[in-house]
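Down below are the structures I want you to see.
Two complexes follow with subunit A in common, the first pairing it with subunit B and the second with subunit C.
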Partner chain A sequence: MVETRRRAADEAAVLCEGLTKRYGDTVAVAGVDWIVPRGSVTGLVGPNGAGKTTTMKMLVGLVHPSGGRARVLGCDVTRDSLAIRQRTGYMPEEDALFRWMTAEDAFAFSRLLYPSWSDRLARETLELFGLSSKVPVSKMSKGMRRQLALTLTVAQRPELLLLDEPTSGLDPERRRDFLNVIVKSVAGEGATVIMSSHQLHEVERVADRVAFMRDGRIVRESDLDSLKEAARRIRVVFQGAPPADLAAWEGVQSVDVDGKVHVLKVSDVDLVVTRLKGHNPFVVEVIEHNLEDLYFETGGKEVSR
Partner chain B sequence: MTQAVRALWRKELREGRWKFAVAAVVLVAVGVSVPLVYNLLGDVLGELLEDTSVPDILKQLLPPDLLQMDVYLWSNWHGKNLYQILVIVAIIFGSGAVAGEFGRGTAPYLFSRPIRRRSVVLVKLGTDLLWMFAAALLGTVALDVTSRVAHGYAVSWTFYAGLVPVMAGAAFVYSLALYASTRIDDPVKAGVVAAVAAAVCSIPTFVPAWRDYSVYVQMTGRTLVLEGAFPWLPFLVILALAAEFAAGAVRRLERRDI
Partner chain C sequence: MRWHVNPHSGVPLYVQLEQQVKTAIAAGVLAEGDRLPTVRELALELTINPNTVARAYRELERAGFIETTPGRGTFVKTGKVPPMPVDERRRRLEGVVDVMLAEARALGFADEQVLAAVTAAIGRTPEPRPEGGDEKTGAENEAGFRDKGGGSDGRDEAAGGG
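Moving on, here comes the complex of A and B:
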């Protein structure tokens, strides 16, 4: 058991056990248990005040946990915070860059901070965004500042990227470039990415895992494909009476009836569809769920992992 | 010095340069003006002494060596202008040191870099004291040069040695403001709190029996000019107090959430 946990801790980019943060009587993060595999791109989604930012801040050492523990890249967040920050790229939600710095100044600053810093990657990313290296941050638009912040985060070639609402305030074209940089960073450098966002279609586009957070807890977490697979439904309208034992069929988890329409929650879509077709239904269709549907489905109610 | 600390030094030196520039301009202007108004003061005093309507008892109150150049320069530079301006500069530098990062919204970026929080405080303290010393030195040099040009009088080495106790006092006031800056995220509010604390520290100045315990009296380095002796004990005590406040600021910053 101990050996299994140790192996999980070594293999995971992030491992949280009962991670908690209290501000007086307010509980911002209420015992998060979470494993983020190395090399994955995880979308952290949830409503405002769910605890996403606080969780990220605890991982990077900005906020001290009140309870529980967390390891990032094998290092304890309270004891080895400096080592974590050397290997982690954190992009905060706010515009937090030094206003007087140009991109050149910011590169010079980061070059000294990170031994793994890549000037080539920095210039390539800056060019991709079409940003000037001579303009100070104070003269940049919000979108340009976000792009520069991502450039700095990516060019330090971190093992883990923590991106808090990275695309907020960006127009659709810039968002696309932004997501491409993140995907390229993962493909090229093998980094692990945790990205919080309210833009669920963006998370769906880049993430291979998703964690739903609500009231300071991760209420649902899985790889995105399994999650969508598990959320598929079959809508069926029978020409005559439905099979009496429909709810007891192999692969059928539940049946909701609305007039002649039956909606089946199933564990094996293909098996159930094949069997349904043997009963000459009027309509059989598989309902796919996107992340937004899953988000609202998860909303408010706790789902066991 | 690690590469990260070097990066921080560069950042802090760059960010402090405008405050330094303003402090240097003020101190140089005052440093130049002190020797230039010497003749004016002489004329005024001459008129005062010749004025028969002024009672003799008042005339006798004037120190006989008031128009002696070395006493005049010391009392108007170290004894008054330099320490008063440096106290204000120290409050401005210190109150903005950490609170400024929160006020500008740069704290999450800075403190998520691979730099220890204690290094951030110590580098800020080091660079800001360096800027303050440079401004004080420039003002003193400006006074010396003006004095040589206008009066052919060169100040003695003790005049420059007087920069040491005044900087120790500035470090104390700076550390006081730095501590406030780690507790209050608004640099203006932190500055007001530090100014009130600095004002409280001036109370011994106004009580004759306590004057020696006043950091501001010690900042004037009066034993240097009166006895030619460096005030070691007050200097070390003030430095120890400054170190304690700076350590308190480090402890406070390390404990707090960003």
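Moving on, here comes the complex of A and C:
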């Protein structure tokens, strides 16, 4: 057991155990247990005030945890936060760019701070966004500032990108370019990405894992595809009487009956659908769940607890 | 080939990609030996996670539709594998029919009426024939899709009418 844990710690980009942050009587983060595999893109979703930003800040050493522990890229967040910050690109929700700086100035600054900084990547990204390198931040729109902030983050060639609501304030066309820059970091540099977002369709596009955060805890965390597959249901209406042993069928996990409608939770959709067709059904349909459905389903579960 | 994904669907993205490749192979859009984009290229074209593309390729490779040669790329597999297994095609056909039947019944039609409507539709629409009928893959496709002899009458009729 201990051995497995230790190996997971070596391989994971992020490992949290009971990570907690209290501000006086207020609990912002209430014991986060979380393992983020290297090379994955995780969408961190949840309502405002769930603790997403505080969790991210603890991971880069900007907020000191009140309890629990966290390791980022194998380094302890309280002891080695400097090493973490050199290897991690953090993009806060509100950018921290100096108003007088141009992109050119910001590049010169970052070049000194980050040993792995790439001027080529910085220029390429700036060009993709169509940003000028000579305009000061004070003359930029919010969207342009987000683009510059992302340029600075990826050109640092970090092993881990922590992006807090990265696409807020961007119009739909800019979003595509923006997400592509993130995808490029993953595909080209093998980076791990954690991004918080309220744009669930964006998370569905680029994330392969999703973590649902609520009331300071990660209440569910999984591979997004498995989550969608596990959430599939079969809705069936029989012409006559339903098979008496339906609930005991291979692959059937539970049966919800609402009048004539049976909703089946199953482990093997194809197997059960094929068998159902042999029982003269009026209608058989597979209900798929997208991330938004899953989001509300997860919320409902928490509230009813 | 034009790629497309719908991230907001409940169907996992890797499954969507898998099905697209299978359909393209069955339709002859992708032929044996054709090169597929690299994981990175496709991830960027669609703005999706490269891991998702890699997973779709892995599944397709396992099912024998494509083959990756290290250093050269990923190719539609040559050799024994048919464009799409008969089972798979039959399953899809059933899916289409199921939806149609459910819809028709919901509209209050009896099964005989549904059947008559399908027969009428077949009479109205001539069955498309691939242009290059002598092409081997095309011919194999055709043979795989129809396993009944009765189709030829309808085709002659349709041809006569047009």
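Here is the rule we go by: the second predicted complex is superposed on the first by the 300 of 305 C-alpha atoms of A that agree within 3 Å, B and C clash if a C-alpha of one lies under 4 Å from a C-alpha of the other, contacts with A are read in each partner's own complex, and residues count from 1 in each chain.
Quick note on the criterion: a contact is a pair of C-beta atoms (placed from the backbone, for glycine too) under 8 Å apart; a residue touches a chain by one contact, two chains touch by 3 or more.
Just so we're clear, the structure is a prediction, and the values are computed from it rather than from any experiment.
Asks: Using the superposition on subunit A, tell me whether subunit B and subunit C clash or fit.
Replies: fit
Asks: Based on the superposed arrangement, let me know which partner A:206 touches: subunit B (first), subunit C (second), both, or neither?
Replies: After superposing on A, A:206 lies in contact with subunit C but is clear of subunit B.
Asks: If you count the residues of subunit A that each partner touches, which comes out higher, subunit B or subunit C?
Replies: C
Asks: Using the touch definition from the top, say if A:38 reaches subunit B (first), subunit C (second), both or neither.
Replies: In the superposition, A:38 touches no partner, neither subunit B nor subunit C.
Asks: Which partner does A:229 contact after superposing on A: first (subunit B), second (subunit C), both, neither?
Replies: second
Asks: Would you sort A:69 into first (subunit B), second (subunit C), both or neither based on which partner it touches?
Replies: Touch status of A:69: no partner.
Asks: Check whether A:123 is in contact with subunit B, with subunit C, with both or with neither, and answer first, second, both or neither.
Replies: Neither subunit B nor subunit C is touched by A:123.
Asks: Of the two partner chains, subunit B (first) and subunit C (second), which one does A:97 touch, if any: first, second, both, or neither?
Replies: A:97 contacts subunit B only, not subunit C.
Asks: Is A:22 in contact with subunit B, with subunit C, with both, or with neither (first, second, both, neither)?
Replies: In the superposition, A:22 touches no partner, neither subunit B nor subunit C.
Asks: Here's one for you: vertex at subunit A, rays to subunit B and subunit C, all C-alpha centres; what's the angle to the nearest 10 degrees?
Replies: With subunit A as the vertex, the angle is 150 degrees.
Asks: State the minimum pairwise Cα distance, in Å, between subunit B and subunit C in the overlaid complexes.
Replies: Least C-alpha distance: 26 Å.
Asks: Spell out the residues on subunit A that touch subunit C in their complex, using ranges where they run on.
Replies: For this pair, the touching residues of subunit A are 39-41, 176, 179-180, 183-184, 186-188, 201, 204-208, 224-225, 228-229, 231-232, 270, 277, 282-285, 287-293.
Asks: What does subunit A use to touch subunit B in their complex?
Replies: 57, 60-64, 82, 85-86, 90, 92, 94-100, 108-110, 112-115, 149
Asks: Which of the residues in subunit C end up touching subunit A in this complex?
Replies: 5, 7-15, 39-40, 43-44, 47-52, 55, 91, 94, 98, 102, 105-106
Asks: Help me check something: in the complex, which residues belonging to subunit B touch subunit A?
Replies: 3-4, 6-7, 10-11, 14-15, 104-116, 255, 257-258
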